[in-house]
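A, B, C and D are the chain letters, set down in written order, and residue numbers restart from 1 in every chain.
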Amino acid sequence: MMAAWFTGLAALLLLTIAAALWRIWRGPTAADRMMAAQLIGSGGVAVTLLLAAAGQPAARDVGLVLALLAAFAAVGFVKAASHRGAGDPEADDASDARAGRAEGRAHD
Amino acid sequence: MIDAASLLLSVAGLIFFLAGTVGILRFPDTHSRLHALTKADNLGLGLIALAVALQAESWAAIAKIVLIWALVLLAAGTSAQLVARVALQQGGAPGSGRDDAGPDAVGSTPSGQRDPAG
Amino acid sequence: MTDRPGKHRALLRSALKRALILAPILPALGADTREALLLGGPAVVAATWLSLHLLPPQRPLRLIRFLALLPGFLWRSLLGGVDVAWRAFHPRMPLNPGWASVPSDLPDGGKVALGAEFSLMPGTLVAGTRDGRLLVHMLDADQHLEGAVRLEEARIARMLGQPDTAHESLPTSGAGPS
Amino acid sequence: MIDTGFDVILAAMILGVAAGAVLTRGMFAAVVMFIVYGLLVALAWLRLGAVDVGLAEAAIGAGLTGVLLLGALGRVNRQLGEDGTPPDAPHRPAAIRPVALLAALATAAALAWGFLMLPPPDGLHAPVAQNLAATQLGNPVTAVLLNFRAWDTLLETIILLAALVGVWSLAPDAAWGGRPGLAQRTRSGGVLSSFGRLLPPVGLLVGVWLVWAGADRPGGAFQGATVLAAVWLLASMAGLSDAPRVASLWLRAALIAGPAVFLALALAGLSVAGFLIVPPGAAKLVTVTVEALLTLSLTVMLGLLVLGPPERAA
């Protein structure tokens, strides 16, 4: 009984996160796309937990790896978006990005 | 009894995941959408983790569920701040869609104050 | 002040605390008792060394206080989820987004923890810090923020083993509503 | 019934995301679609009962590949931007699209043919199960990879090594032997660096556990090494651990330790029974040794593959 319930719930959860795919397609900003992927990531972890409860305990190990690497794509995104791809938005922001922004204004 | 609690918690978890998705689709600007993702999703996962922990076969299984949940929580607290920061910096870029003005324009909010260097 | 034996003892205490946090992970992963002893010994030592290497201990972390903070944190993140779900499902979507920058004199790591916590609390999301100030995005710009920040700041300061005077030494910034 | 429903939804999503990745115009959206695709495929492997493959897909597809592609995208955008060309209009000959289409169709046809030519399902389950005892292992996938089909695994490791040499060969002359990638600049005590300080110890335990557990349960050297490489990359991106010089002897020793010992044991098997044949009594010891060294080599290989060619002079 419970196994069928959890599998059904996992299916509904998949439908829920499928709706977030729209946000990846539409954007408009890169951050929007990234956060929709994050939503699908945490939804995916929840799906593994439900599948584990539905009678496949090994699913939890996949959930564990997904959880451990949940923020990896976000870190990669932040890096790629940063100064020369090797910075940190907080560091860029505090020092020379401000100079960069001033330059940008001068060009306008 | 335990089954009933599991049913209830897992349905509640699904509802919060749904709320996260609805927020991501409906909210008008990038940062508000990030609120929906960070908070609703984590609550959803927490409730589902609780629901399946009640059905777990062993203490080790419960510990693994707790570990998974804690890792996702850590990731959420981190990536929310990082993605919010990038969205803030790219917010003014052309073609990025509508977004709010950012904290450089907070002078008018009651609890905020102008960032001196902004 | 910085006598070496004292320093060594502090380092040892930090190492033991971190090993205490890391050790239960192996049984959680599925190691049985024999494996936990055989593999767990060297693995936990390596992980503790890595932790000390990446994050050299500066202040003693109060484990008990950290655990004592958990229920309140979980409760507030529950409220945060309920709040945002309510706004998402509401037909008119009650949103009035705005920004605030709030000073905090927590140490760096404490600010990050504060930012993570605030990102899970009702109505607030932190975009890191700039010049020592947290950049807070609010779903309701009229939200009273200052009081909540001071409260969480004091909690985290206690957890980090700082004296409980975090808000007294604040630079007088004049920020915040009454 | 419910199980079928779940599988149908999952399959539809995988197809949808794959189509989205190909059809979307923005490169960033395509990369994000691909990350999601990896995540969903990991769930699909799980549904097929291939937990080991699901673990590898979760770590590679949703983890490492995402960082690799995002980094590559940032690099492409910067290079195009410096030339003054808008990122959306890369120079490419008009013929490239039909050629790419033909190549994709040919690959799909070859895969479909291979699939249709497969022996009936369950063809190899029985022989693997019969011979599992001789390997002294509990996990049939590890037994296949490191014992029955050790040949494939050895070659795959060497292919990765060759790929790394290929990546290194892109280094400008001045940087040869130096450190891969750019120097990472992060705000000490910021969000990124704090995360990079907290997660690696936990990741180390999980990675080591996956390698260890691989003998009897889902896991293995490849899965563990991917997690360890990801953790290393995190510390690197957080500016906490600079990449080693590629001329470093230690680095090169770590890179070839796994394949070299694998090969040496295979040759040693020649004197007993034959190339790559392990005497049944020593199977577990040999497997564990090879697995541990392979983990080390694979971790370094995967990490360096993502870090890219040397860019900073030695």
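Convention: a residue touches a chain if its C-beta (ideal position, glycine included) is under 8 Å from a C-beta of that chain, and two chains touch if they have at least 3 such contacts.
In this text, all values refer to a predicted model and were calculated from it rather than measured experimentally.
Between A-D and C-D, name the chain pair that shares the greater number of C-beta pairs in contact.
If we tally the C-beta pairs in contact for A-D and C-D, the bigger total goes to A-D.
Chain A to chain C: how many Å between their CA centres?
Chain centroid spacing, chain A to chain C, equals 21 Å.
CA centre of chain C versus CA centre of chain D: separation in Å?
Averaging C-alpha atoms per chain gives centres 33 Å apart.
Would you mind pulling out the distance in Å between where the CA atoms of chain A average out and where those of chain B do?
Those two chain centres are 10 Å apart.
List, in ascending order, every residue of chain B touching at least 2 other chains.
Within chain B, the residues that touch at least two other chains are 20, 34, 42, 44, 64, 67, 71, 74, 76, 78, 81-82, 84-85, 87-88, 117.
Using the touch rule from the top of the page, what residues of chain D touch 2 or more other chains?
In chain D, 190-192, 194-195, 198-199, 202, 206, 217 touch at least two other chains.
Could you say which residues in chain A touch two or more other chains, in rising order?
Residues 27, 30, 34, 36, 61, 64, 68, 71, 75, 77-78, 81, 89-90, 93-94 of chain A each touch two or more of the other chains.
Chains as vertices, touching pairs as edges: which of line, ring, star, complete or other describes this one?
Its topology is that of a complete graph.
Report the residues of chain A in contact with chain C in the complex, numbered from low to high.
On the chain A side, the touching residues are 61, 64, 89-90, 93-94.
Would you pull the chain D residues touching chain C in the complex into a rising list?
Those residues of chain D that touch chain C are 188-191, 194-198, 200-202, 204-206, 208-209, 212-213, 217, 235, 240.
Touching chain B in the complex: which residues of chain A?
Residues 1-2, 5-6, 9, 12-13, 16-17, 19-20, 22-23, 27-32, 34-36, 38-39, 42-43, 45-46, 49-50, 52-53, 57, 60, 63-64, 67-68, 70-71, 74-75, 77-78, 81-82, 89-90, 92-93, 97-98.
Please name which positions on chain D make contact with chain B in the complex.
191-192, 194-195, 198-199, 202
Which of the residues in chain C come into contact with chain B in the complex?
24-25, 27-30, 74, 77-78, 80-85, 87-89, 93, 95, 97-102, 112, 115-117, 119-120, 122-123, 125-128, 130-131, 133, 135-139, 141-146, 173-177
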